[in-house]
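Two complexes follow with subunit A in common, the first pairing it with subunit B and the second with subunit C.
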Partner chain A sequence: MYAFDWSSIPGSLPFLWEGFLRTLSITLVAGLVGLILGTALALARLSSSRFLSTAAAMYVNGFRAVPSVMVLLWFYLLVPQLFASWTNALGWDSRFISALVAFSLFEASYYAEIIRTGVQSVGSGQRAAGLALGLTPLETMQLVVLPQAFRRMIPLLLTQAIILFQDTSLVYVIGLADFFGIAYRTGQRDGTLVEMLLFVGAVYLVICSVGSALIRRAKTRLTS
Partner chain B sequence: MISLEAVSKWYGDFQVLRECSVQVEKGEVVVICGPSGSGKSTLIKCINGLEPIQAGRIVVDGTDVFNRKTDLPRLRSRVGMVFQHFELFPHLTVMQNLLLAPCRVRKLAGQEARQKSLALLDRVGLADQAEKCPAQLSGGQQQRVAIARALVMDPIAMLFDEPTSALDPEMIKEVLDVMMQLAQEGMTMLVVTHEMNFARKVADRIVFMDQGRVEVDRPAAEFFTEPGSERARIFLSRILSH
Partner chain C sequence: MISELCFFSSLLAPHSSLLALDWSIFGQPAFDGSGNYFTFLLVGLGWTVLLSFTAFALALVVGFLVGVLRTVPSATLRAIAFGYTELFRNVPLLVQLFCWYFVFPEVVPVVGPWVKEAVSPLGQQIAASCLCLGLFTSSRVAEQVRAGLEPLLSRQSLAGLALGLPLRDVYGLVLLPITYRTLVPTLTSEFVNTVKNSAVASTIGMVELARQSQQLGEFTAHWYESFIAVTLLYALLNGAIILFSRWLERRWRIAGTIGK
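And then the complex of A and B:
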């Protein structure tokens, strides 16, 4: 029988917390940038300009067709070369920046598809009504279509954010110490890998389950 | 006021409008009727540029709708439109539905727009519903709000696209009453409808469309006694038979 040794966990909590904050900040930044960029991509894809819609479709399909680990590695190799002067000047960890950039761009492609479907789910009559009142096409999108689309998409967007929260653990491939990464390293160093991974696994499980439950509740409220 | 000259429109290979010409003078009420699929709804949507046309010309208050230089939003803001399915904005209250266009398009001050909106809601009998959401109203009430929403922009003309065909029978009258009152006040109106009693009471002219063509265009009184074409006669007898 394996003898569990949980004694090293309390002492590692401050480090784990630091990693957790890093995980959280990547999730929040990538979620927010992804949402904004994803909205722009969705609108470009739905626009009547063939150039815009093709360019957006290429972006979205491209990012969705490659594994996220690969995107992460690419940007890890690219960002230091492109932005070395910035990251050095600001004293930022270039691995952290490349993770932010990679996840933001990656998430944008997923959000774009969710938002595109949401916009299309708003009836064409609503658009016609906005235009008929004298609103410009842009105002109609901003004041009539998008508010309704976002309301319907909130559950899907939040679910995607939970997936993103889990996916951020992939940053261990570029050696960035996120919540999972720190647990892994500490566990390996102290010979308590099993306990550490069980512990962080439980934390992920609780956060994601609670998140999903909240989304389900919001969903029934939004659709009723 | 509104002039359509030989308007043609295609959906791919299918021709929905065939050289339609209709004139509506200021203060006139014109009813467009015809079997479903005859192109009447498409025609009315073309008038404020919601649907493009491929041939012909549409002029509203001296402005060519499909001229590239035409400021379409500005033109549309002066022409009221009421839809079959109301198309109130469900995420806004009744009052916000009315305020959207005056505040955004006309840049009217909030207080002024509010007073005007309340007066119009009162006129359609819904002043007490201002703070509700559209989903809390009946179909007839929603359509009356939609009419008020169009009127708040002081339109020079009103376009109605089958305003009562999505309504339960007991709600049709309340909407037609509002429209009749508008007509009596001298509003220029173009109405796509099957409500022949409404047409008989307020229409100056009836336009009968069939297969994308304007087949008959004559004074209302005359149309009911002498429909002017065999198809119009059959259509009329079918609609009036029950």
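And then the complex of A and C:
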């Protein structure tokens, strides 16, 4: 039987917390930017302009065809080259910036698809009614279609946020120390990799299970 | 104005390497002596295909089983299946992979020591990646199967039971034959996800496509060429899967339903 040694975990909690904050900040920034950009992409894709809808479709399908590991590696190659003078001047960690950019742009393509289906699920009668009332197409979208669409999309958008929260652990491939990265390094250093991995897994499991249980409850309330 | 121009040109200067892509590197002999860098990437593609196809086969078998269990009358079985899907859906793939690769051989009695002693490092990487990807995807497949079965439960399964079929046949002869045909599009996107997720196996040293692209970049310093080639290979593989599934969807379309 394996002799577990959990003694190194309490001592490393402050470092783990630091990593956890990094995980959270990537999730929040990428979630927000992804949501805004995703809405723009969804509307572009649904627009009557052929150019806009093709461009948005190419963006979305392009990002969805590539593994997130490759997206992270791509941006860790591109961002430091393109923005070296900025990140150096501001004293930012180029790994962190690369991760933020990569996840924001990547998530936008996933949010765009959720939002597009959400908008399409609102009956065309709603749009026609808005236009008949004399609202401009933009106002119809803003005041009539989007509020209904977002209400239906909330469970899916939040589920996507939980997936994003889990996926941020992939910043491991560009050497950024998030919650998982710190735990892995500490475990390697102290020879307690087994305990650290189990601890990290348990923390993720608890947070995400509670999150998805809350989403299920919200879903029944939103749809009833 | 001039200073602005200088600022931007200094920003764009490193970027000029993009204009000087050198595709001849794929003809150069690979560092490991296995051939040239083109065949080097093809080896990676081969492992990616093997890994994701094996994992997806496992995911289909386990996923259909767990998905069915989530809809059976027994509350205990339903709860077990629910716990299974929650466990594999709520822990990040990377953490699951590291658990299979680093924790499993240490902690599990009998099997663990055997794995460490008798299985080669490559064998351990393959086994951990396939199991991890397969079970991770199975929880998602199970969710799709459950979602496909649920609308059929009230009428179709009652009709089956009323005809005197045992529960096993209600699933085998009535519910599942409808479900797997309607699930082709969603399962296709799970298959594509499996291919994409297989890139995570590079973190434990599995020599699949993402790993080969990093090694190619490290040894030749031609990162752009490497990443472009690998990105295209992933897109081609996923495109091929999507085309196959469209064909399957047409073939399996249920008469009387609308399908594009």
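Definition applied: the second predicted complex is superposed on the first by the 224 of 224 C-alpha atoms of A that agree within 3 Å, B and C clash if a C-alpha of one lies under 4 Å from a C-alpha of the other, contacts with A are read in each partner's own complex, and residues count from 1 in each chain.
Keep in mind that, in the parts below, a residue touches a chain if its C-beta (ideal position, glycine included) is under 8 Å from a C-beta of that chain, and two chains touch if they have at least 3 such contacts.
Quantities reported herein were computed from a predicted structural model and do not represent experimental measurements.
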item	value
Most subunit A residues touched (candidates subunit B, subunit C)	C
Which of subunit B and subunit C A:Q126 touches, first, second, both or neither	first
Which of subunit B and subunit C A:S48 touches, first, second, both or neither	neither
Which of subunit B and subunit C A:L205 touches, first, second, both or neither	second
First (subunit B), second (subunit C), both or neither touched by A:G134	first
Which of subunit B and subunit C A:L170 touches, first, second, both or neither	second
Subunit B versus subunit C as contact partner of A:L197, first or second or both or neither	second
Subunit B and subunit C footprints on subunit A, overlapping residues	none
Interface residues, subunit A side, partner subunit B - complex	123, 125-126, 128-136, 139, 143-144, 147-148, 151
Complex contacts: residues of subunit A adjacent to subunit C	1-2, 65-70, 73-74, 77, 81-85, 162, 166-167, 169-170, 172-173, 180, 184, 193-194, 197-198, 200-201, 204-205, 208-209, 212
Contact set on subunit B toward subunit A in their complex	45, 48, 50, 73-74, 76-79, 81, 83, 85, 87-91, 100-101, 104-105, 149-150, 153
Residues on subunit C engaged by subunit A in the complex (per definition of touch)	7, 10-11, 14-15, 17, 86-87, 89-96, 98-99, 102-103, 106-107, 109, 195-200, 202-203, 210, 213-214, 223-224, 227, 230-231, 234-235, 238-239
